[in-house]
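What follows is a pair of complexes built around subunit A, which joins subunit B in one and subunit C in the other.
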Partner chain A sequence: MSAVFEALGISGSGMEVHQAWMDAISDNLANVNTVRPTSQAAFQARYVVAAGVEDGSTGLGVTETGIALGDPNGRLVYSPQHPMADSKGYVRLPDIDLGEQMSTMIMAQRGYQANISNVDRVKETYQAAIQMGRG
Partner chain B sequence: MALSPIGGVGGIGAAQLAQAYRQQALAASSASDAATRAAAAGSVDAGTAARGADFASAIGQGLQQVQNLDQSAATKAVQAATGNLTDIHDYVITATKAQTATELTTTVRNKAMDAFNEIMRMPL
Partner chain C sequence: MFGDASIDVLSAALGGLAARQRAVSDDIANVNTPYYRAKSVAFEGELSQAVASGADPASVTPTVAQSTAPVGLTYSNVDLNAETITSVNTQLAYDLALRATGDRFSLLRTAAKGA
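Here is the complex of A and B:
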């Protein structure tokens, strides 16, 4: 909106994308044990697709351009007692690695926090500039 | 620009004073042609009025922007209270923008008032 506070908006866009990323990871973790019968596609992991916003200059932050989906085949697990098991005793689980999702969550969280720190720094800088005029 | 405060008394100045103003204006690299002409003519009403309007419109624009920022911050506050807010950081950043803009505008206004008072204190 106003170029004076551009840095705040840019950090805000970074926080928005990282929040979307955290949302996607939360959804993946929530569905890590979602079982489907082999006749259906498995739950597909969600991955946020991000892209930089170009303005031919210093850039205008980042934006979420869409969601990529994981492998619909998932992985077949032999579980003959399961009510959804097919005639051979298999069910379909999502191809989501818990450890990978957790470490990705740390990246998303740290990225979000880095943007918060940047907002604080920028705000301090602006206020220092205003203090300059009060002396 | 440095001549603007004393330009107001140019009308009562002697030819010698006007000459000094003109030399000052020519020497100063930042002095505009308008200021030089005004000093030479001994009348700065038009120039002063233009500068006054410039400052007034600048402050007016600044206040308008502050009001817009304040309004969007208030909208976010209502959304936060009613549970319609989608992003926490959205509200905080908007509030930060409004706060910083308000501080900036009050600082500029205070500086302008300081300058005005300084001129008013000048012995005539």
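Here is the complex of A and C:
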């Protein structure tokens, strides 16, 4: 299948997946300090799973195939003053590494920007094609 | 049409360049996709052979190959720098082929109008 202006849709799929990635990271960052009692599972970080869409030729972009979840065990932190602390004084925090999330955010952001720049170039190409024969 | 070989050759070139632009878009969309392999499109060799041997340029089909370059941080082997250069290059080549096609048509138009 070859739709009109197909390359725009391909870059659009790249923008969508990178957007989903940034959303997931934002959610992970927002919950980096979410405390749970030890009787419950920790907040689980979300990881976007992506795969290329192949057509045996030049390809049709990328798609989000699912969400993988982080470790439900999280990490136990000794905090006896906390209202959610168990009898031994522990609470459960998510196992999210702030540095890792921030650097991944930059990768997602750069990927998104690369796709936007490509939309510009592809648009110019198509515009030139539309103008053919007018000069 | 019009018995003009150059328009047929330019049309085949435009088709190949459009395929390359799609491949680059696909590569950039998958710049962070694990296990994705960058694609490249080749058609120039086959096209110049067709021109040399007098074969029909429309029979030239662009071939897609996968890169064997080492993978990066996200296990994708897309090189964003190379893709950007290929993208700009392809865009300019496409513009050039369009210009040539347009000029060819305006010659025909002039001839059709007569004196």
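Heads up, the rule we're going with is that the second predicted complex is superposed on the first by the 131 of 135 C-alpha atoms of A that agree within 3 Å, B and C clash if a C-alpha of one lies under 4 Å from a C-alpha of the other, contacts with A are read in each partner's own complex, and residues count from 1 in each chain.
In this section, contacts are C-beta pairs under 8 Å (C-beta built on N, C-alpha and C of every residue); 3 or more make two chains touch, one makes a residue touch a chain.
The structure presented is a predicted model; accordingly, all values stated were derived computationally and were not measured.
**Q** Using the touch definition from the top, say if A:A50 reaches subunit B (first), subunit C (second), both or neither.
**A** second
**Q** A:S11 in the overlay: touching subunit B, subunit C, both, or neither? Say first, second, both or neither.
**A** both
**Q** Given the superposition on chain A, which partner contacts more residues in subunit A: subunit B or subunit C?
**A** The partner that reaches more residues of subunit A in the superposed model: C.
**Q** Mind working out whether A:G111 is in touch with subunit B, subunit C, both or neither, as first, second, both or neither?
**A** Second partner only.
**Q** Name the contact category of A:Q19: first (subunit B only), second (subunit C only), both, or neither.
**A** first
**Q** Of the two partner chains, subunit B (first) and subunit C (second), which one does A:K123 touch, if any: first, second, both, or neither?
**A** first
**Q** Subunit A residues touched by both subunit B and subunit C?
**A** In subunit A, positions 8, 11, 115, 133-134 sit in both the subunit B and subunit C interfaces.
**Q** Quick check: in the complex, which residue numbers of subunit C touch subunit A?
**A** Checking each residue of subunit C against subunit A gives 14, 18-34, 36, 39, 41, 64, 73-74, 80, 83-84, 87-88, 90-91, 94-95, 98, 101-102, 105-106.
**Q** In their shared complex, at which residues does subunit B touch subunit A?
**A** 65, 68-69, 87, 89-90, 92-93, 96-97, 100-101, 103-104, 107-108, 110-111
**Q** Using the touch definition up top, name the residues of subunit A that touch subunit B in the complex.
**A** 1-2, 4-5, 8-9, 11-12, 15-16, 19, 115-116, 119, 123, 126-127, 130, 133-134
**Q** Please output the residues of subunit A touching subunit C within their complex, sorted ascending.
**A** Against subunit C, subunit A makes touches at 6-8, 10-11, 13-14, 17-18, 21, 50-52, 57-62, 107-108, 111, 114-115, 117-118, 121-122, 124-125, 128-129, 132-135.
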